[in-house]
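Can you read through this structure? Questions will come right after.
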Amino acid sequence: MNDTYHPVAVVNPTPREVAEWIDGRLLEGESAPARLAGLATLSQAGGDEISFVASEKLVREAQASRAGLLVTSPRFDVPGRARVVVDEVWEAVARLLDRLYPSPRPAAAIHPTAILGEEVEIGDGASVGAYCVLGDGCRIGAGAVLGPHCILDAGCTVGHDSRLVARVTFTGPVRVGERVLIHPGAVLGADGFKFELVRGRALKIPQVGAVIIEDDVEIGANTTIDRAFLYETRIGRGTKIDNQVQVAHNCQLGPGCILAAQVGIAGSTRLGAGCMLGGGAGLSDGLTIGDGVMIGAHAGVHSDWPSGEVIQGAPAMPARAFWRVMAAQAKLPDYARRLRALEQKLEGREGR
Amino acid sequence: MNDTYHPVAVVNPTPREVAEWIDGRLLEGESAPARLAGLATLSQAGGDEISFVASEKLVREAQASRAGLLVTSPRFDVPGRARVVVDEVWEAVARLLDRLYPSPRPAAAIHPTAILGEEVEIGDGASVGAYCVLGDGCRIGAGAVLGPHCILDAGCTVGHDSRLVARVTFTGPVRVGERVLIHPGAVLGADGFKFELVRGRALKIPQVGAVIIEDDVEIGANTTIDRAFLYETRIGRGTKIDNQVQVAHNCQLGPGCILAAQVGIAGSTRLGAGCMLGGGAGLSDGLTIGDGVMIGAHAGVHSDWPSGEVIQGAPAMPARAFWRVMAAQAKLPDYARRLRALEQKLEGREGR
Amino acid sequence: MNDTYHPVAVVNPTPREVAEWIDGRLLEGESAPARLAGLATLSQAGGDEISFVASEKLVREAQASRAGLLVTSPRFDVPGRARVVVDEVWEAVARLLDRLYPSPRPAAAIHPTAILGEEVEIGDGASVGAYCVLGDGCRIGAGAVLGPHCILDAGCTVGHDSRLVARVTFTGPVRVGERVLIHPGAVLGADGFKFELVRGRALKIPQVGAVIIEDDVEIGANTTIDRAFLYETRIGRGTKIDNQVQVAHNCQLGPGCILAAQVGIAGSTRLGAGCMLGGGAGLSDGLTIGDGVMIGAHAGVHSDWPSGEVIQGAPAMPARAFWRVMAAQAKLPDYARRLRALEQKLEGREGR
């Protein structure tokens, strides 16, 4: 309980093998061990471990690191050390992690406790876990993995090589693309929250649309994405969504967006491509947000913003203005005091 | 993946049938097709589809719509078009959606994998889905539906015609009324978060109360409603709760409230009837909020508010004041500059 | 549905038995009944019920209460009433609740529908519920309880006398200490949200670390705690976490912290011992927060804070400053008006 957890590598590669795995150039320094025990941070690495220099400002820390082998870039090299030079350090790190600590893959099989409706199609090499419940007509692509306890309503589709880690629920029609990763507890396709006041009572408007998840999306644990009123709620290709995010009915998220945890987006709001939303940011309904808009953590967005804006605060404003306003706000009691002093001064003069 | 999803109607009604379904008056214009293919928005409707005019400001868009049949109101009619005139357009839309795209209903049966405790009562026509686990003495009303993977502790009750869509969990005693709808991932009856400092340590106070959900309530995906310390946490009749809302122990929510996603209400706070809470709003513990209070998105409420108030901001203030304050706040750096200018001017004079 | 729920006690103790259970001193007043029917609040207690005086300011209410027996402290006694005097009233209340309304304990057994991987170890007296799925090599301590529908990846451990109430999911290696309580819907060990921009695309960095939960921790419903990139995300001994909290990868929470509902903590942030976080507070990544820091509800914390600080607001500032700033902010429109008045006054004089 009190020792720090270290993952255990399934292989112990030579420096040469490391270089081959990551298409790098091996430069043998004085320190390279014969075999590497695993990947470590610069500060924690032992002499038998690989570490990596992910930015210029880590070069000094890298020089002091005990790591037996460094992954570096021509842009931030550490001369004299045993190292493997690559163009993209993070890409190399990702590959090393996959080699050293591969995540176990369930067998390509349908667990005997899984319950499949009629005319369900399961692709080659796909896996359906224990206690899954798939409605009629679901189609699971080749190589896809449904972990235990997933529930898919009739007519859902999961593209090839996608993975529902465990306990993922799709209600209504949900169509998931290829290489999508969905974490436990996510609920896709619950009814959009649409009520209209009729004779003084909130009348539920049935939600009959779908949720469409394009390729290469990731969706975090306990995140909820509601089905559309009509048509669809859509998450664009390559968009990454963290835990406990709420995406309401009929939202359209562009490709390549990043949504941090606990973001909430109200109905029918549209994000362009490549937007980045900080943790806990909230967006009102019916907004149009351009491409590449960056929205700060905890921002409250009530209006449209054009492409390229960087916004912050609640209600949101351009980030530069926000920080100026916040700096001034912290001095407000002082300003108030000075304002009173001026008033008294002038009052005094008036009196003269 | 790239085509927009369209729901497929199970029937293609004639204009006359549409009028009958929604108790409307059919006015045959030049454009009515023999049969309608489904319901569509004004902008997306094709000539074989029904669309609807939900407000005055959509009349112009309705005139331009290609829809084959319009649902309109005497208050916002679209003369010349084939249309069905009704008093309440949204009510008509809800009925049409139920007719055209009925949500499938599971068979009235107890799935063989469901595990039922002793003396569980299941009403006529009720359905208990795959892998449900019901504790001793649970009572499920007539026509109620428990989707797959629901877990109910001993002694829970679900009223007639209520629906737990899938993977809903009740711990402790939870009593659910009639026609209640609960979405996947909701957890009702987890322990209230009550700790008291005893000899420097947080002591857990056991929570032995219940959760009471009155009739016609809707509860969103992954929402959590904690059981009371003693007695009950209660959600009033007809209150609608969106996804990822947190209602703490001993809260009392009045009837007809609307809580948008990610709202959080701390322990023992009371809402009157017909309150509306915007997304992400947070309420402190022990508050009393009157009837019909409207609380803006992301508001932080730390004090009681009387009936009829419209509040916004954190800490919350009346919405009119809030928007005035926000407008002034945006000019704060300018005010600060002007304050300094005045000071210097007076300083200069003083110096003279 | 309309009657208030009251829990029913499994035993009806005499005043003397109550005193023995809570190691208190029985002082028989005029009012003590022969047997007590249960525990109640001061205002709701009937003549056959026990109530308790948890603070000085409740003494007057206690005097007016109809309770048949009061639990009091030497610090806030209620002379003349039948009462049991103890040093720590809340500790006595907790014990009474456990005696009067014990939470049912499942049988020490592995449910036949539970699916256990290879070399799973289940301790003496432990219980594994219906439809649980445990991966290879999981170790469940003596007396631990896994409620229905829990999913544990290979290699997870749960210490003795811990309880996963129901539907708790562990992915990746998760190590849970002793006497830990985890509520339904919690997801521990989902991938940390770590992407790096490589050639213009967000590249997922595999997460191979663990989640470590120390002894006596409580984790709320639908809370998510992500696994670390390397090494571990750690929750310190005795820390209590409410519902819908998000703790990102590599966070380190000290012992004895209290996190209210909907808190979000971004990656690699460290909390010292005994921090208290109000509902909905958000902390940026990479921060270091000292011991005993109190963070207000809905605060947005973007910088480090030393031990003992009390902070509030977004961006957070010391609470005293925050309330001064908020008081001044509410007057901003007035200040702006007065500033203009001063300007005009001086302008007028200039003109002279």
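Labels A, B and C are assigned to the chains in the order they are written; within every chain, residues are numbered from 1.
Everything that follows uses one rule, which is that a contact is a pair of C-beta atoms (placed from the backbone, for glycine too) under 8 Å apart; a residue touches a chain by one contact, two chains touch by 3 or more.
All figures in this text were calculated on a predicted structure; none of them were measured in a lab.
The rotation relating chain B to chain C, fitted on Cα atoms, comes to 120°, given as a multiple of 5. Counting the residue numbers used at the interface between chain A and chain C, under half appear in both copies, so the two copies meet with largely different residues.
Between chain A and chain C, the centres computed from C-alpha atoms are 26 Å apart. Residues of chain C found to touch two or more other chains are 131, 149, 167, 185, 222, 244, 262, 280, 314, 329, 332, 335, 339, 342, 346. Those residues of chain A whose C-beta lies close enough to touch chain C in the complex are 1, 4-7, 39-41, 44, 54, 88, 90-91, 93-94, 97-98, 100-101, 103-104, 113, 129-131, 147-149, 165-167, 181, 183-185, 218, 220-222, 238, 240, 242-244, 256, 258, 260-262, 279-280, 297-298, 314, 326, 329-330, 332-333, 335-336, 339, 342-343, 346. For chain B in complex with chain C, the residues that touch the partner chain are 115, 131, 133, 149, 151, 154, 159, 167, 169, 171, 173, 175, 177, 185, 187, 190-191, 193, 195-196, 198-199, 201-206, 208-210, 212, 214-215, 222, 224, 226, 228, 230-232, 244, 246, 248, 262, 264, 266, 280, 282, 284, 300, 302, 314-315, 317, 321, 324-325, 327-329, 331-332, 335, 338-339, 342, 345-346.
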